[in-house]
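Note that the chains are named A, B, C and D in the order they appear, and that numbering of residues resets to 1 at the start of each chain.
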Amino acid sequence: MKRGVFVLALVLAAFLAVGCGGGQSQASSVPVKIAVALPMTGDNAEYGKSFLTAAEIMVEKWNKAGGVLGKQIELVIYDDKNSAEEAASIAQKIVSDKDIIGVLGHFSSGVSMTAAPTYQENKVIEISNCASHPGYSKIGNYIFRNNTVISAEFNVIVDVVANDLKLNKVGIIAIKTDWGNTAGGIAADLVKANPKLTLVAHEEVLETSDDHGPAIAKLKAAGAEAVIAVGMYSLYGPLARQYKEVDPKIQLLGVSNAYTQQIIQLGGDAVEGLFAPVSFFAQSDDPEVKAFVDEFKKRFGMEPSALAAQAYDSIGILLEAIKSAGSLEREKVRDAVNSISYPGITGPTNFDSIGDADKKFQKVRIQGGKFIQYKG
Amino acid sequence: MDITGRLERFFSQRRIFFFAVVIALLAALPAFGFSRYIMRICIVISIYSMLTLALNLVAGYTGQLSMGNGGFYAIGAYTATLLMINAGLSFWSSLVVAAAFAGISGFLLGLPTLRLKGSYLTIVTLGFGEIVRMILMNWDTVTNGTLGVRNIPLPSLFGVSLSFTNHGLYYLALVLTALVSVFCALVINSKVGRAFIAIREDEIAAQMMGIKTVRYKVLAFVLSATISGIAGAFYAPMVGYIDPNSFTFDISSQIISMAILGGLGTMRGMYFGAAALIVFPEVSRFLMDYRFVIYGLILVLMMRFRPQGLLGWRTRLPYRFGKVLERQLAAEGSLPPLL
Amino acid sequence: MPLLHIKDISLSFGGLKAVDSVNIRVDEGEIVSLIGPNGAGKTTVFNILTGIYTVDSGEIFFEGNAIQNKIPQDIVEAGIARTFQNIRLFRNMRVIENVLIGSHIREPYNFFQAVFRTRRFRDSERENTLKAVRLLREVGLLARTHDYAANLPYGEQRKLEIARALATGAKLILLDEPAAGMNPQESEELLRFILSLRGRGYTILMIEHDMSVVMNISDRIYVLDYGKLISEGLPRQVANDPKVIEAYLGGVPDAAENNRA
Amino acid sequence: MAIFIQQLCNGLALGLVYALVAVGYSLVFGILRLINFSHGAVYAFGAHAAFFFVGLNFGPVPAIIAALVITGLLGVVIDKTALAPLRKKRSVPIAALVTTLGISNIIQNLLVVKFGSQRKPFPDFFNLGAFTLGGIQFSSRQFVMFGVSLVLLLLLLLVVNKTKIGLAMRATAQNAKAASLMGINVNSIITLTFLMGGASAAIAGGMVGGYYQVVYPGMGFMIGLKAFAASVLGGIGSLPGALVGGLLVGVIESIAALYIGSNYRDSMAFIILIVVLIVRPAGLFGKNEVVKV
């Protein structure tokens, strides 16, 4: 018993000691530091890790070419577990490191919005590659969004349903999260505003559940011909399988989140025919895209999602802005970001006065077990 | 006498001095010019100290393991936030109402103790915590659902907003933790505290001594909930944003891990457990993936090798009669000899 | 008027009559013993008396007031306290704290008075602590005051349990096998201790197996078998009652089995 | 009406899976009076083990059998390394409860480390296509899941009620001390119980994995709690109780999702749990225990 206590104490002490040591090891020659604040553990860890991989590819590309302003670039990684509390604490940590010029993150809108005021106050540039809440970029002029604006995505989706597919009765199924709530609401408004479409049902489902039977039953009973599914990758596979079982003819549409190989793995035949709007298409012939996709596959074992590509571009934008500002002065870099016109793999990107990226969309559809560009 | 006993005696004889030193150090902490990040960690530690002290009342002293304390924390945070934002109440009055409201919910959760014991009660508390979260998530009109509530104003005192910058939040956290600590100590060192411990030690024997066990168990829940509510009411403006996902089962489980690591049934263990498990993840980023595995290991190893917690020893100090009583006992020749 | 009058109480657990029409009376200042073979229902009678079980029928009067089916707390208030067959001390509390738990019902202050440390709180605590220490001195546990209950030797734990019961201010003390597990010397000492309690005005009802204890100090004895009283009276009368001898030495085993089922 | 019947079937199929998981709680509780909190994580482990063996090109059935064996062994390991020492020390009951909570943390997060937290595809191995009956469309998966679970549960009931081992288990559940005096090796009965609990969780994990065609480390948390609610509803410790409780929870939840809204479905299990514990703590099939002093 005494020995057990001793071992336990020793293990804890070792963790603390090693941890402290790790915290103090900072390079002596000051590099340009960019923070990556994303979920590295927990339910959304896969996203965080994939964005990090994309960011690392971009940073290595720059470092090989001599860095920026003659300095090497270093990524500082923080795990916010997609929790507001952690993110608030991490934001404090980031702003207290004066060498950090910008942040890639955070994951969900709510979490990003908790951290954003701290960055704004301390003039640290935050670029989120996935925050979608309209309020996020309005928090300040250091806060940028390199993600599609969700209403723009739904404009494309609504256009597909009304004009390409010529369907009328639309159902919406959205996950019950902050993002899903907002996005689902926007989708509903756009569908209602379109004279060619009728919104027949709007269902919410729990993200933690894989059984969507009751919601599907209600959508089907309402006579939906097309269903807009507003969720993370995890929604589409089970939803498509369960829906196709009760209604094989149903037309499913997803948001850009649906553009990932995982949904084909998870959904199999059932996701055939699913539409999604994307700003990034991995099968593109563009050499820049090809190079990124190949490198990403090598490191991460799967194709990059649109969000990962946006993470890649976000780092590129920040570095390009530092280069064109010619200094690390925060105001100058910020202005450079705002006036940038960046030819990224997610299309040409520039920011409006609020800090939102303006993106062009392509339509993709799953056919024969892979995504193909749809030119309807 | 062994080392802990000697240390205890050493500190106990100079306790006023040591208390003064600790309080002075804590009060002077901002003067050392630590970064906001470090100060923030200190504030989080004090929040979790309050939460573990609250858990300690039900689980440590009364022996009723609650896995729903995250629910009280959430109720406190939401009540205070909604009152400040929708009703325009000041932080201080919101704090009081939030504490009271959490206390009432503690009373409701305490009622099943009329019929339930041990593991069953624990499960009901777990269910309570989850139901609170589901209500917060689905009662959109009041709680703003999954979107959460943003822009929660900072507390202000005499027109000065208490923030990180002026260390107002830090001092507020310190004062609240101190008040909660004193409160717990006063409760424990009275017939109420003795009744709590007696219930933990042997509920039937406690009944046979005339203790209204149901009433005391409910009281323990009410007190625990009130304190957790205070912690929540402070947490919300500190972070500035709350949503239902800030209050998952992980919070309750973390509070339990802290309390068990430090030693349920002691107050020193609560501060230690909170500090250790808040600092540990901050300094162990390299172990990121294994963090929760280690939380689990802590629980398993502690139960196996040191269920009373790292700081959970029985004190070797003599029972404190107080000067007056000691003199009286000595006068009639019945002053009990020391151990 | 007897101090305690148990009138015709019965209790069954799912068909099994654990206590069957039992009548017991205990007068003030008496030491009364309740004996019988294992499983005869003696502890069940104690559990009924202290409010753990409720009776199916019958009445119990204490100082003339009906107390059957009251909750344990009210029974303690009325003036009955007990000890347990297998010692149930608050093991991680100090000796003095165990006694203070006994005087819990004599603490007149409420929760808020405790938190604000009012005069009432301080006076009550001081008075009760003083009484507790005096009680410990009287039972010979003064030197153990600061120690934890779990650290006491067996005999002293028994004494502490009795002291804790006395601290409630009870008039009637129920002792459940106080001599169990004691060597002859310890039993002898216990015997004197119980007699001294009577000397101080307490009334005692006890369950005991140790016949030397029972025969030496009991004023009267009740014998219980299969939930029924089979004999009662002075120690000498009971000891010579053939029914008692048969119950103890075992009558016809088959009949016993049938009765039990 | 069609929707209602569909959801009823959905609820019944889900309910039997809950029952299968609930059995794990009941078996352990029956013998040790312990709520084994790690059971949900063990279930997730079972599903991942099946996923892992499928990845090694085992067929679905051999994969599930392999998963069943390894998960059963995990159950035994949990008992031998963490719980048995506590029994030996005669620790307070809460210590064992906290230990299982810790084990649940460990298993779930080791799964995250090994497999990642994302949902992974699981083969659709028992899909025989959908069919229509009286104008209502049914999924054959539901029926397969229903059938397999029912057979397994009946088998388990048979083992417990009709075999010598089952007799020994019931005797141990009644009174472990007396059982050991009668020559029953209580320790091996406990080992067997954990083996059966783990194996049944693995089967349930494989079934649910196949039903939704996804597995992920977090899959055990909610289902664990729901199954627990089911076993309490039925009367924890009682196998028929677990069956009936599981069915009730599954059906109530599915119907509630339909009429109240999908976002309330997870709350139903807790509401049932709290109501049962307050109104009839012993559950539908349980017996009240007499206080011993």
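In this text, contacts are C-beta pairs under 8 Å (C-beta built on N, C-alpha and C of every residue); 3 or more make two chains touch, one makes a residue touch a chain.
Since this is a predicted model, take the numbers as computed values, not measurements.
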{"item": "Centre-most chain, if every chain is reduced to its averaged C-alpha atoms", "value": "B"}
{"item": "Of all other chains, the one whose Cα centre sits farthest from chain C", "value": "A"}
{"item": "Between chain C and chain A, distance of the C-alpha-averaged centres to the nearest whole Å", "value": "72"}
{"item": "Euclidean distance of C-alpha centroids - chain A vs chain B, Å", "value": "37"}
{"item": "Between chain C and chain D, centroid-to-centroid distance (C-alpha), Å", "value": "46"}
{"item": "Overlap residues in chain A, where contacts from two or more other chains coincide", "value": "41, 176"}
{"item": "Contacts with 2+ other chains: residues of chain C", "value": "52, 84"}
{"item": "Residues of chain D whose C-beta touches two or more other chains", "value": "112, 221, 261, 263, 266, 291, 293"}
{"item": "Residue numbers on chain A that touch chain B, as the complex places them", "value": "1, 4-5, 7-9, 12, 15-16, 18-20, 22-23, 40-41, 77-79, 83-85, 88-89, 92-93, 95-96, 110, 113-114, 117, 135, 176-178, 180-182"}
{"item": "In the complex, chain D residues that touch chain A", "value": "3, 6-7, 10, 14, 112, 116-121, 124, 130, 137, 139, 212-214, 216, 218-219, 221-222, 254, 257-258, 261-263, 265-266"}
{"item": "In the complex with chain D, residue positions of chain B that touch it", "value": "63, 65, 112, 115-116, 118-120, 122-124, 126-128, 130-131, 134, 137-138, 204, 249, 253, 256, 260, 289-293, 295-300, 303-304, 307"}
{"item": "Residue ranges of chain B in contact with chain C within the complex", "value": "183, 186-187, 190-192, 194-195, 197-198, 201-202, 204-212, 219, 314, 318-319, 321-322, 324-325, 328-329, 334, 336-339"}
{"item": "Residues of chain A defined as touching chain D within the complex", "value": "41-46, 176, 203-206, 208-215, 217-218, 220-221, 233-234, 237-238, 241, 245-246, 262, 265-266, 268"}
